[in-house]
Structure formats: C-alpha cells, structure tokens
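Paired with chain B in one complex and with chain C in the other, chain A is shared by the two complexes that follow.
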Partner chain A sequence: MIQVPFGTAEWQSIAPFSLVAIGGMIALLWAVFAEERPGTTSVMWMSQAGLAAGLVATIALLGSEKASFGGTFALDGVSLLANLVFLLSASMTLFMAQGHLESMGVRAREFYPLVLFATAGMMIMGAARDLVILFLGIEVMSLAAYVLAGIHRRDPGSTEAALKYFVLGAFATCFLLYGIAAFYGATGATSYDGIRAGLASAPRAALIGGVALLVVALGFKAAIVPFQAWTPDVYQGAPTAVTALMSVGVKAAAFVGITRLFLDGLGPLHQDWQRIFWVLAVLTMTVGNVFALVQGNVKRMLAYSSIAHAGYLLAGVAVGTSRAGGAVLLYLFTYAFMTLGAFGVLIALGTGEKPNDDLDDLRGLADRRPLLAGAMTIFLLSLTGIPPLAGFVGKFYVVESAVNAGWFWLAILLVLNSAIAAYYYLAVIVAMWMRDPIGDEPAWESRPYLAAALLAATVGTVLVGLFPSGTLDFARHAFASIVR
Partner chain B sequence: MIYAALFYAIALFTVAGAFGVAFSENVVYSAFSLMATLLGAAGLYVFLGADFLAAVQLLVYVGGILVLTLFAIMLTHQISDVEVSNRAVGRWPALGLVGFVGIAMATALVRAPWKVSGEVVAKAAGEGTTYGIGDAFLGPFLLPFELASIVLLTALVGAIVLSRKEIRD
Partner chain C sequence: MEIGLNHYLVVGLLVFLAGVFTVLTRRNAIGVLMGVELVLNSANINYIAFSRFGTGGLEGQIFSIFVIMLAAAEAAIGLAIVLGIYRKFQTIDVEEVDSLRG
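After this line comes the complex of A and B, so read on.
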C-alpha cells in the first residue's frame, strides 16, 4: 500500500492553476447552455471569473514557499509572480477579444474557455520542477494555442497559422521528449532534484545531447533564433487577440520554464548552457531587429520585435545569476503591459472587412483618433526603452545584471540592438503624428471592453516604469532560493 | 534455448515488418507491414518483463492507431497511387545520412553502459509491472496523471472547435 502524498502544501500549490482550469470547464458548459445571442458577454464574464479565482488564490499565497509532490511542483515567489503575468495577459486577451471576434464573424464561444486552458498550462509550466510536468504544461498550453490561432476558420491566413504552428510545434515536442529521455537515461530521474543529484555520475555525451534537445524544444516555444521561422506567419495570421496572448503569455511561460529548468535543475551545467544562450541571445535580438526594420505591416513588425525581445530576455537567462533571474521576471512584467497594449491598438484599428494594420493605415491616426495614437505612442516608446516607461526599466535591469556578472559584451550588444529597434518603433510614431492620412476614415466600432483594457495597459506601462522596485525586489528574492 | 530462439524469431519478425513499411510500393501494404512491427514490439516488451506496456502497445497501437491509419488510407481518394518517396532528397545523400545516423546509433549502442536489470525483470515476472504502475500513478506520479486529463480535455475541445460545422449568423 503506497501512501498518497497529498497535504496542505499540495492543495495550495495546485490551487491557482486548478481554479483557472475548473473555471474554463464551467465556462465551457455555460457556453453550451447559455442563450445564444449576438453581443452576449456572459461566457466572457464567466471566464474572467475563473481567472479572478486564480488571481485571488495567487495573491493569497504570495510569500509562501513550499515544495509539494515530492519537490516536483513548486509554490514559490517565481511561480506566483509568473502567475500574475499569465493571468494578466489572459484577462486582457479576453477583454480585447470581446467584439473583435464578433466583428470578424467568429462565433465559436469556446474561445474563452480555451484561453483559460492555455493559461492553466502556462501556470503549470511556471511551477514545474519535473520534466514530465513541464512537458504536460507545455502541451496543455500549446494545444489550446494551436486551436486559438485557427479559430477564425473562414480566413485562410488564420488556418495557415494554425497548421504551421501545429506541425512545427509537434516537431518541437519530439525534441522535448527526446531531451527528457536523454536526461532520464543519463541520470535516472526526471525531477529537477533527481537530475541535479545524478549529474555528477552521468555520461557527459548524454547530458550535452539532452541540453541541446531541450534548448531546441523550449527555444521553439519562446521563438528564439534559429527556431523562430514560424513566428511571423503565425503571429500575423492568427486573430490579433490571440497573437497578443501568444506573444505575451506563451512566451512568458516558455521563459519561466527555461529559467527554472536551467538555473535550477541544470544549474551545475551552467558553463555549457551559458555559452549556448549567449550566442542565441545575440543572434535572436539581432535577427529580430534587422527583419523588423523592413516590415510594412505593423502586426508583422511587432512579431519580429517580439523575437528581438526574446533575445533580450535570453541574455538575462545566459547571465544566470539570481539578480539576472529577477531581471528576467521583471522584464516579463513590463513586456506584458506594453505588448498587450500595442496589439490592443491594432485590434481597435480593425473593422469587420479589413484589419487596417499596415503602416500606411496608421498614417495620420493622431488627427483621427488622438487618444488611440497617444496610447500607441506610449507603448512604442516603452518597447523602445525610453525612460521613465516600463520597457526602460526591464532592459535596464537585464543590462545591469549582465554588467554586474562581468558580461560586458553581451550588455553592449544589447544596448546597440535597442538603438536599432528605436528606428522602426519611431517610424510608426512618425507616421501617426506627422503624416497625412490616406483614404477615407474606416467605420470604426466603439468597443468599451477594449478601451478599458487599453487604459489598463497604459496605466501599467507607466506605473511599472515609475515604481519598479517592489516587483524587482520580490523577483530577485524569489530567485535567490532557486539559483544555488 | 527455446527462450533465445523465440526472442530472435520475434526480433526478425519486427525488423522484417519495418523493412516492409519502408520498401512497399503501396501505402496499404506499408500499413499492414506496420502491424507486424507493432506486434513484434509488443512481443519484445514481454521479453523485457514489461507486461503492462505490451498490453498497452497492443490496445493502443495495433487496436487503435493502426486501424485509424487504415481507415484514413482507405477513405482518402487515390492515395495508393501517390509516390511516397521524398523527391527533395536523392537516394545517395539519403543513404549517406542514414549511414551516418546508423553508425552514430551503433556506436552509442556498443559504448553505452547498459544496466543489466535481471532482478527487475525477475520481480516483474513474478507479480507483473501493472501493480507498480498503478501505485505510481496514485502515488509519486499523481500530479502528472491528473494533468494528462487536462491535456486530453483541451485536445478534445480543440478538435471539436476546428472540425465541426461552422456556426454562422
């Protein structure tokens, strides 16, 4: 007779993601039985309630630090802070999608529950301290994301996005499983504690192979060069609200997963993976920025810019100290607000007939919709990294942690890359404020939920930029117990 | 003696099936050859003392996935006429690549420090592995076991969303 290990710590650690998943299931049933009328928002609100339940659990647990399920599932500052990023991006996605989907003619109300399932998957990834649990979290998140990308079934671009994402994502999953098998074969364990214990006596070739396979698999999810080829097409083809979720939530989950796996589970191998990440970080930021320069479509430009930001984040991972871990977590926070906001503005520009997300469509926006142009300007300046906005703070602490650990070249290359990025972000601002509009004014719809989400994103971008220290201290403290 | 003979017979059966999958001109024959491979693999699991895995292999792969593959082939119009070989890569580069991977795998096989787990197999032969797996699912692997159900639920919902008749206004 085996004792089932299930106590208070277990209940507490699974509470946040379970509440979100259960909220998704209730919303799913609600969508079946609720009255079907155009403009109904009940499913959206049911889903928001699920996210809110997860948020309440997360906030109530802030500060606790417990190992559960034999140390394979973490309840600590990192997982809780990451939960806040995931819940924030999911909630904003739901608000932004309301109205946006209907104007495109998407009636599938499973959209909202699927966003909740994806969020639950991200939360599992953020807390996983076992490769099997990490794998299951990735799969929950990815399966939902594949479907969300293709939810606009009448649009060939959306279908193409879903198919590309699915086929390549399944391929990346193979790498993940081979990597897990390599570590299991070499160390006899899949839990991070077990792997750490077995590293010393494991054959080196298997470890190097395993690290390489895991870097490919997780690099795919985080859109790191050279595993980024799917990103522009998928981000551009998917409905913009889904793109926002993918470029914030999915990427953040991948980075929290990477950070925990490499800094904690594979910490003793840091000399091997730090070099890999150093090269990949520089490659990722440079390729993302250079390709973003030549894009005429703002949504596609933001896709490349999100690749560049993955490079900055990876630079933080490469540095690998607890200071850098805290900086990565803070960066994810700042990145969430400004990126969700920028995609939200693109949603606001779209009408039922046309997405209106080319650079030419944004010309003269300041005359037509000054508030929207103002919000977009704040998000873009923040993405550039202009103080005192959030984006500056995020970059600053990554650079600071790199310099602190003696990685000067990485810091210099990061700063140079931000300078390149300024060019294409400013081009959009110039188009909005200094150029004359082309064509007639599109028949814009008023969307109160979207407006509220944009307001929240703007406030977040400014506030995190002005008062980063609370979050930063918390994040650094959270990583201090992980990096050993 | 009989044990060894049986093992080699099943191994041969498996490999012959694999050759059939790779070299058949017709996709339907490939699918049927795959059945031999999968059955043979189930037999090899029995030799390893993994009775549960052998049963799952039979139920899921032979009983489920293979039948699904056959249905897909039979229901797809004119698929048996399709040239299955990949034209992008010629035969010689392919041979080189396969040779390289084969040598790498053979080297790994020879040099790997294999753990001979005689006692594990003997223990499994006594009471089977099913008990242990069941205990593990409700003990140390409780969380992954439960998480797998969320994966399946998401996949089911997703499949329905993407494949049903579209709701229109």
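After this line comes the complex of A and C, so read on.
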C-alpha cells in the first residue's frame, strides 16, 4: 500500500501553482458562462489576479526549505525563485498580448487562462523531484503551449507553428517516457532520492541509455542543438506574445527541470552527462549565433539568439557545481526581462495589417519613436552582455563558475560566442539610430498595457544588472543544498 | 518456456521502433499522431513489465495510467491542430505545410 502524506508541507508546496491553475479555471469559466460576454480586458485582469495569488503565495513562502510528498516535490529556494521568473514572465506576457491579439483579429478569451495553465505546468516542473512529476509538469505546460502557438487560427503561419511544435513536442515526450522507463527499470524508482540510491547497483547500459533519452527529450523543450530545428519556424509563426512566453517561460522551466534533475537526481553520474553537455553547449551557442547573423527578420533573429542563450545556460549546467546552478538561475532571471522586452518592442511595432518585424522595418525607428528605440537598445545591449545591464551579470557569473571549476575552454568559447553575438545585436541598433526609415510611417496604435510591460522590463533589465548580488546569493544558497 | 521480463522489453522495443519509424517516415499528420501513440504505448509496456517483474512496486502501473490519460489529452489537441491545418492548407501532408522560411 502506498502511503501518501498530506500535511502542512504538502499544502504549502502545492499552493503557488494550484492558485495559478484555479485562477485560470475561474477566468476560463467566467469568460465562457458570464451573462454578457466579458471583454478581453476583464478576462486579462482576472487572469492577472490568479498570477498575483500565486506570486503572493510564492513570496510568503520565500525562505522555506521543505520536502513534501515523500521527497518527490520540493519547496525550496530554487522552486520559489523559478516561480518568480515564471509568474513575472506570464504576467508581462498577458499585458503585452492585450491589444496586440485584438489588432490581429484574434478575440480568443481563452488565451489568458491558457497562459495561466502553462505557467502552472512550469511551476510544477521547477519543483519536481520525481521523474513522473517532471513529466506531468512538462505536459501541463506543453499542452497549453501547443494551443497558444496556434491561437491565431486565421493565420496559416500560426497554425503551421502549432503543428510543428506539437509533432516535435509529442515526439520528445515519447523519448522522455522511454527514458523514465529506463531509470525505473534500472533503479526501481522514479523519485530523485530513489534513483540516487539505486544508481550504484543499476546496470550501466540502462543508465547511459536513460541519460541519453532524457537529454534528447529535455533538449527539445529547451531548444538545444541538435534538437532545435523546430525553434525558428515555431517562434516566427506564433503570435509574438506567445513567442515571448515560449522563449522565456518554457525555456526557463526546461532549464530549471534540467538543472535539478542532473545536479540532484543524476548527480553521481556527472562524469557521463557533463561531457555530453559540454559538447552540446558549445554546439548550441555556436549554431544559434552563426544562424542569427544571416537573418533579415528580427523575430527570427531573436529565435536564433534564444538558441544561443540556451547554449550559455547549458554551459552552466555542464559545470555542475552549486555556484554554476546559482548562476544558471540568475541568468534565467536576467534573460526573462531582456527577452520579454525585446519581443515586446516587436509587438509594439506590429499593426493589424503587418507585423513590421523585418530589420528594414526598424530602420530609423529612433526618429519616429525614440522611446521605443531607446528601450530596444537597452534590451539588445543587455542581450549582448554589455555592463552594467542584466545580461552582463548573467553571463559573467556563468563564466566565473566555469573558470572556478577549471573549465577554461568552455569559458573561452562562451566569451568568443558573445563577441559574435554582438555583431547581429548591434546591427539592429545601428539600423534604428543611424539609418533613414524606409516607406511611410505605419499607423501605430497606442497600447498602455504594453507600454507598462515594456517599462517594467526596462527597469528590471537595469536594476538586476546594477544589483545582482541579492538574487545571486539567494540562488547559490538554494543550490548549495541540492548539489551533494 | 516461461515468458519473462526480457520478452516484454523486446516487445516494447519493437513497438517503440515501429512508432519512431512511423513518425519519421509518415507524411500524413494523422499517421504521425498514430506513430506517437505507438511510442507512448511501448513505454507503457515497459512500465507494466518493470512493475510486474522488477523492484519498483505499483508505481509503474500507476504511471502507465498517467500516460494513457496524457495520450488522450494529446490526441484531442493534436487532432484539433490537424483540423486547423486542413482548413488553412487543404492538406494534412506535413511536408507541404511549410510556409515559414528564413
């Protein structure tokens, strides 16, 4: 008989994601069954309330360290800090989508609750200490994300993005399940504690096969080369607000899941996976950067740039120390603000008829909309890694942890890659500030919610860059108890 | 001859390979979905076999129920997406649905 404990620790650990999921359900039911069909703005605010409830629960629990459900679900610094990243990016996505979807002719109220469901899945992934829970989190997140990618049903690109994302995502799930089966068969357990305990007596071939299958599956979700083929098409085809959520929230959730799984559950196997991740990290950042160089569409360029950033993050995972774990978590925090901001600017450029996200559309933006161009400049400089912006501290501490652990080549390749990346980020800045605009000024609409989200992203990018130490200490401390 | 763990694992592996082959070679989106279902069920065979013959206890059987539930949810969303594709492109050939290019 399986005993399922259910006490205070259990309630506390499920509270954040449950509140978000319940908030999503209430918003969904209300959008469907209300007497008068509610406008999108009110559904948006209702969904924001659900996210806020999750945020309050997360902040109230900050500092607690508890294992619940027999150690299969974690309530610790990592899951709580990850929750903050997920909730902030979801909330900013909702604000950015407001007006943007309507101007494209999408009146889907289910968009907002779906973002909440995806967020709940991310929060489960961040706290999972059992492969089954990790799997459930991934699916809760992905099923919502597939629908979100195709939310613009009249647009062939969006529908196609949904199909590609779904087929490759479902395929990745298959590898995940087969990998979990390998570990379950080899160690007789799916929880990280049980796997750690059973590793010593398990057949080695099954473990190596299991690690390979899990790397493939999670590599798909995190868009790691060579499993990134879907990324540019899906990111370009999906509505930009959804792209922002996918490249920030989904990627962050995948990385928190990867970090916890490999540093904690599969920690004793580190000599096997560290080498795999070393190679994949270098491949990922190089491929992402090289392809980003030749893109004429800024949205597609940002998709490749997000692949490159996945490479930097994976470098932190490969290093595998608690310092590196903390650096990865800080990186996710910084990455969230600047990437959401950059996609937010692209949303602001779009009008109902045209997305206006080619590099040529950004020419001379500084003359037409100086504030927007200024914000975009801050985000791009931060993505390049110019101090004192957020992107610099994120990269700096990953490099520092790599050098600290003696991984000099990885650190050198990471820095070289950042130099390549500077080229295509600066090309956009040059186009905005030093080139003359082409064509007539598009009929831009004023979107107050989007402006607020962009302001928040700018402030976040600057503040985290200036004062990273609090977050960094918290993240390092959180990982100190995980890496054993 | 006694049927043991290895027999089930071989069946599971064959179903897995058949599923992967289907996903990689089928051009019809429904065919791809069917390949995914095959792979999901191959994992289920493994879970049940490990649960019956291994040291894992009941967990494997419970997990396979989770997987069946997921397969249903995934099929629902997958078919809806394929329906959307048919409306837009008048085909469900995954190689013809390829308008996004850099």
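To be clear about the criterion, the second predicted complex is superposed on the first by the 472 of 484 C-alpha atoms of A that agree within 3 Å, B and C clash if a C-alpha of one lies under 4 Å from a C-alpha of the other, contacts with A are read in each partner's own complex, and residues count from 1 in each chain.
One rule holds in what follows: a residue touches a chain if its C-beta (ideal position, glycine included) is under 8 Å from a C-beta of that chain, and two chains touch if they have at least 3 such contacts.
Note that the structure is predicted; figures quoted are calculated from it, not measured.
Trainee: Report for A:Gly150: first if it touches chain B alone, second if chain C alone, otherwise both or neither.
Mentor: After superposition on chain A, A:Gly150 lies in contact with both partners, chain B and chain C.
Trainee: Of the partners chain B and chain C, which touch A:Ile208 in the superposed model: first, second, both, neither?
Mentor: Once the two structures are laid over each other on A, A:Ile208 reaches no partner at all.
Trainee: For A:Leu136, select first, second, both or neither according to whether it touches chain B, chain C, the two together, or no partner.
Mentor: Both partners.
Trainee: Could you look at A:Val462 and tell me whether it touches chain B, chain C, both or neither (first, second, both, neither)?
Mentor: A:Val462 contacts neither chain B nor chain C.
Trainee: With the two complexes superposed on chain A, say which partner A:Glu160 touches: chain B (first), chain C (second), both, or neither.
Mentor: So A:Glu160 only meets chain C here.
Trainee: Is A:Ala422 in contact with chain B, with chain C, with both, or with neither (first, second, both, neither)?
Mentor: neither
Trainee: For A:Gly70, select first, second, both or neither according to whether it touches chain B, chain C, the two together, or no partner.
Mentor: first
Trainee: Which of the two partners, first being chain B and second being chain C, lies in contact with A:Ala108: first, second, both, or neither?
Mentor: It touches chain B, and chain C stays clear.
Trainee: Based on the A-chain superposition described above, do chain B and chain C contact any of the same residues on chain A, and if so which?
Mentor: 2, 132, 136, 139, 143, 146-147, 150, 153, 162
Trainee: Can you list the residues on chain C that touch chain A in the complex?
Mentor: 9, 12, 16, 19-20, 23, 29, 32-33, 36, 39-40, 42-43, 46-47, 50, 54-60, 63, 66-67, 70, 73-74, 77-78, 80-82, 84-85, 88-89, 94, 97-100, 102
Trainee: Show which residues of chain A lie in contact with chain B when the two form their complex.
Mentor: 2-6, 14, 21, 25, 28, 38, 69-70, 72-73, 105, 107-108, 110, 113-114, 117, 120-121, 124, 130, 132-133, 136-137, 139-140, 143-144, 146-147, 150-151, 153-154, 162, 203
Trainee: State the interface residues of chain A toward chain C in the complex, per the touch definition above.
Mentor: Going by the criterion above, the answer is residues 2, 132, 135-136, 139, 143, 146-147, 150, 153, 156-157, 159-163, 166-167, 170-171, 173-174, 177-178, 180-181, 184-185, 188-190, 232-233, 236-237, 291, 294-297, 300.
Trainee: Which residues, counting only chain B, touch chain A once they are in their complex?
Mentor: 112-113, 135-136, 138-144, 147-148, 150-151, 153-155, 157-158, 160-162, 166-169
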